[in-house]
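Notes to accompany the following structure.
As written, the chains take the letters A, B and C, and residue 1 is the first residue of each chain.
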Amino acid sequence: MEISLKELSARLDVPLRGDGGVRVSRIAQLTNADANSLAFLGGSKYRRYLPSTAAGAVILSEADADVARVPVLLSDNPYLTFARAARILHPEPSVVGGVHPTAVVDPAASVDPSAWIGPLSVLEADVWVGPRVFVGPGCILGAGVRVGEDSRLVARVTLCAGTRIGRRALLHPGAVIGRDGFGFARDGERWVRMPQVGCAVLGDDVEIGANTTVDRGAIGDTLIGHGVKLDNHIQIGHNVEIGDNTAMAANTGISGSTRIGRNCTVAGAVGMAGHLEIGDDVHFTGMAMVTRSFLEPGLYSSGIPAMRSADWRRSVARFRQLDELTRRLRHLEACIDTMNDTIGRGDS
Amino acid sequence: MEISLKELSARLDVPLRGDGGVRVSRIAQLTNADANSLAFLGGSKYRRYLPSTAAGAVILSEADADVARVPVLLSDNPYLTFARAARILHPEPSVVGGVHPTAVVDPAASVDPSAWIGPLSVLEADVWVGPRVFVGPGCILGAGVRVGEDSRLVARVTLCAGTRIGRRALLHPGAVIGRDGFGFARDGERWVRMPQVGCAVLGDDVEIGANTTVDRGAIGDTLIGHGVKLDNHIQIGHNVEIGDNTAMAANTGISGSTRIGRNCTVAGAVGMAGHLEIGDDVHFTGMAMVTRSFLEPGLYSSGIPAMRSADWRRSVARFRQLDELTRRLRHLEACIDTMNDTIGRGDS
Amino acid sequence: MEISLKELSARLDVPLRGDGGVRVSRIAQLTNADANSLAFLGGSKYRRYLPSTAAGAVILSEADADVARVPVLLSDNPYLTFARAARILHPEPSVVGGVHPTAVVDPAASVDPSAWIGPLSVLEADVWVGPRVFVGPGCILGAGVRVGEDSRLVARVTLCAGTRIGRRALLHPGAVIGRDGFGFARDGERWVRMPQVGCAVLGDDVEIGANTTVDRGAIGDTLIGHGVKLDNHIQIGHNVEIGDNTAMAANTGISGSTRIGRNCTVAGAVGMAGHLEIGDDVHFTGMAMVTRSFLEPGLYSSGIPAMRSADWRRSVARFRQLDELTRRLRHLEACIDTMNDTIGRGDS
C-alpha cells in the first residue's frame, strides 16, 4: 500500500521531520532501499549506512536524526514503530467469507458467514469457527474444535478434537494441536496407553510455528496463555502450562506437566524435563538443558560451545576424569598443608 | 460411559471395597474429581489429597486403602489399573466401515469393508487396508502400503510407497513413514543420491507421534519392533532397527543403521550417531549425546544442566582449559614429589 | 530394470571383469544378494563377505578385485558408481503430464503440460510449474510459487506464497517452505509481529527432508544454494543463506540471518545461533552448539558424550565447581613457588 509520510506519521503517532508529501509503498533495509521504501535504524551498528541510504524515509531515534539526509520518523523504539509501519504498508489481505466447494464441512459445524474455509479443509461435527477467521487450504478441525475471531490458519493446520483457539491466533502449516499426549502405564514389558481426556486450550494472540505440536492434557488441559509465540518444530507435552507473552524459538521441547511463567523467553533447541516449575521473567539461552525448576527471574544457560574437534576431544577426556582430578587436587592441598607444617617446623 | 463399581471391579479383575452400586462415568484427578469421577492414587506424594477427595471412587494400593473415605478399587499397580479403567470409561469410538466420497482410492487398492477411509485421503495402487482400520482425514497411503487390522491413522498421516504397518498401530497427524533415507555418494563437490530401495516395516501395537519421521531402508528395511512407542518430532534414520517395547520421548533422533534393543527407554531430545549397537534394557536421560555403542543394561546420561549464565560462562571457559589445567596439576604433583624428596633428605 | 553387465559397464563407463552376459535387476548388500543382484564393496570392513557373496556382480576397487569370485565392475569410487548403477536399476518413474481431477488449480496458475499435479493438491493464483515437475498428492503451492523443471514434490509439501524452487529439486512430505519467519518487536510485555516480506529461494538440485521448514526472509530473501541437501526436521530461520553443496543431517536448527558457506557438512541436531558467519568447508559433528562464527575450514565439535549416569553426575558436579577448582589450583601453584623459595633458601 502506498502512503504519504504525513499520513503514516499520523497513523503511527510519531513526529515527522522532512517532506510529508513523500510517499512510500514497501519496507526495505537501509542498504537496499529505494525512493519508495521505508527503512529503519535500530542501533549504532548500522548508523554508517544512514547518510548514503536511498530510502524514501527512515524511522529512527532522535539521537540519530541529524545524520539522515532523507525524511525521518522519530521513535523511542524504532523497531516497534517499523513493525507497525510494515503492517500498514503490507497489510494482511482481509478475509472474504465463504466456504470453498471442495471443503468437507459437517452439517453440525458452525461457521461464521464472515469466515473463510479454504479448499480441501475438513470441519467435523460441532466445530465452531468465529467471525473473520481464515482457514487456509488443507486444514483439519476435529470434532468440537473452536476457533476465535480473526484467527488465521495459514494452511494444513491440524486441530484435534476438542481443541480451543482464542482470538487473533496465527497458526502455521504442519502445526498439530491437541494430539493425545504420550502417557503409558507399564504392564510387564508392555506399554498400556493412558487415555488422554483433556484438551489443548490456546489463549488470544497466540502464534504457533510450522510443524509445532501441542499435546492435549491427560486429565486436565494443556494451557497456552495469551500472546504466547512458538516458533517451528516445538513440542509442548501434555498438561504443560505456559504463561502470557512467553516466547520460544525453534526446536525446543517441553515435557509433560511443566509450568512456565509469564514473559519468559526460551531460545532454540532448549529441552525441559517434566513436572518443573519455571517462574516469570526466566530466560534460557539456546540448547539449555533444563532439569530442575527455576523460580528466580534471570538468564540461565548450559552446554559447551563448539570448538576445534581436536581440542574438544581432549577437554571431554578430562571432563570424564573431573572427579579424579578433584581428588588429586585435594590430595595435593593436603600434601602442601603437611609440608607447610613440616617446613614451618623446620624453620622454627 | 457410565458403569457401576461392581461391574468395573469385575471387568478390571480387582477387589472392590465399598458400595458397588456407585456409578462413575469419567476419570479425574483426586483434587478436581466429582461424584461421577474415578480417580487414582499412584504414590505417597498425593496421599494427602485422599481424605478430602470428592471422587466417586479411587483406585489405590492396599497400603493406602484405610485413608480413603470413598469406595476403592485395590490394585498392586494403581496406574496400570487406572489406565485400563480409563479405556473402559472413555472408549475409542468403534470404526464404522466405509469410504468417504471425497477420498481418492485407486481401483487396485484393497480396503476391508469394516475399515473406514476418511475424507480427502488418498490410497494409491496395491494398498491393503485391514479389518477395522481407521484412516482419518487427509491421509496418504502410497503404492503397496499395508496397514494391519485395528490400526488407527488419526489424520494426515503419510505412508510412503511400500510401508508396512502391523496391527493395532496408532499413528498421529503429520507422521511420515517410509521417506527415502538420507544417503548420498560424493562426486567431487556434488552429492549423488543413493536410491533407497528398502522399506519401513512397523510391528504390532506401535505408536508413532505427531510429525515423527521413519525413513525407509537404503537396501534392507528399517524395522520397528512390536509395542514400540515413539513420541512427537522423532527422526528414525534408514536401516535403524528398534527392539520390542522400546519407547522414545519427543525430539529424539536416531541416525542410520543404529540398532537398539528391547525394552529401552530414550528420553527427549536424545541424539544417536549412526551404526551403533544399543543393547536391551538400556536407558538414556534427556538430551543424551550417544556417540558410541552401549551394550550393558543401565542408565546413561550426558550434557550440562542449566545454571546461571554468569556461572556457566566461567565454567565453560575452564572447560576449554581442562587439558592445560590437568597438565598444571600433574606438574604440581611432580613438584610435590620432588619437594617431599628434598624435605625428606633435609629431614634425614 | 534388468540389464546386462556389458551394458551397465558401458553406461557407467567403468571396466568390467567377468562375463558381460550376466544380467542384474536390483541392488543388494553383499550378504543378502542373489544372482540377480548387484552389490558393492566400499571398504575393507566388508571384504570378508566378498568371497562368499551370491551377488550376480560386485562394484569394487582394483585392490579388491582379486578376492571376488563373481564378475566385477571396477571403480575408484565404488560407492559413487554403485549409486549411479542403483539409479539405472531402480529408475524414478517418469512423469506423465496431467492434472488429477481432484486437484484445485487456480485459473491463473500455469502448469506445463508435461508436469503432473496429483490428487487433492492446491495451486493458487500465479503459480508456475515447469516441465516434467511431479507434484504428489496433497501438496499446497501458494500464490506466486515457482517450481523449476524436473523437480519432485513427493507428497504433502507446502510451499508458501512467493517461494521459488529451482530445477531437479526433491521435496519430501511435510516440508514447509516460505513460512513467515519468527520476528517480533516488543511493545511493553506484548509481542508485535514484524511482517515478513521476503521469500524463500531454493537453487537447483536441492533436497528438503520430511517435515523440514525453511522460513521466508524478513525483508530480503532466505537463500538455499545449488545442491544443498537437508535431512528431516531441520529448521532454517529467516534470511539464512546456505552455500552450494552444503549438507545437513536431521534435527538441526539454523537461527535467523546466519550465513553458511559452500561444501559444509552439519551433522544431526546441531544448533546455530543467529547472525553468524560460517566459512566454506566447515564441518560440525552431531549436537554441536554453534554460538560464534567459524570462518576457518575444519572440524568443530561440542557436547559431552553419554556415560554412566552415576559417573556423569559426579563430573557435572565438578563442572559447576571448575572455576573454584582452578582458583584452588592457582593457589597451590603459588604455595609451591613460595615453598620452593623457602626450601631453596633453606638449602642454601
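Here, a residue touches a chain if its C-beta (ideal position, glycine included) is under 8 Å from a C-beta of that chain, and two chains touch if they have at least 3 such contacts.
Only a predicted model underlies this, so the values are computations on that prediction, with no experimental measurement involved.
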Pick same or different for copies chain A and chain C, depending on whether their interface residues overlap by over half. different
Overlay chain A and chain B by their C-alpha atoms and let me know the rotation angle in degrees, rounded to the nearest 5. 120
Any idea how many Å lie between the Cα centroids of chain A and chain C? 25
Two or more partner chains touched - positions in chain B: 102, 120, 138, 156, 174, 211, 233, 251, 269, 303-305, 307, 319, 322, 325, 329, 332, 336, 339, 343, 346
Within the complex, chain B is touched by chain A residues 102, 104, 120, 122, 124, 138, 140, 142, 156, 158, 160, 174, 176, 179-180, 182, 184-187, 189-195, 197, 211, 213, 215, 219-220, 233, 235, 237, 251, 253, 255, 269, 271, 273, 284-285, 288-292, 294, 298-305, 307, 311, 314-315, 317-319, 321-322, 325, 328-329, 332, 335-336, 339, 342-343, 346
In their shared complex, chain C is touched by residues of chain A numbered 26-29, 32, 77, 79-80, 82-84, 86-87, 90, 100, 102, 118-120, 136-138, 154-156, 170, 172-174, 205, 207, 209-211, 227, 229, 231-233, 244-245, 247, 249-251, 262-263, 268-269, 286-287, 303-309, 312-313, 316, 319-320, 322-323, 325-326, 329, 332-333, 336, 339-340, 343, 346-347
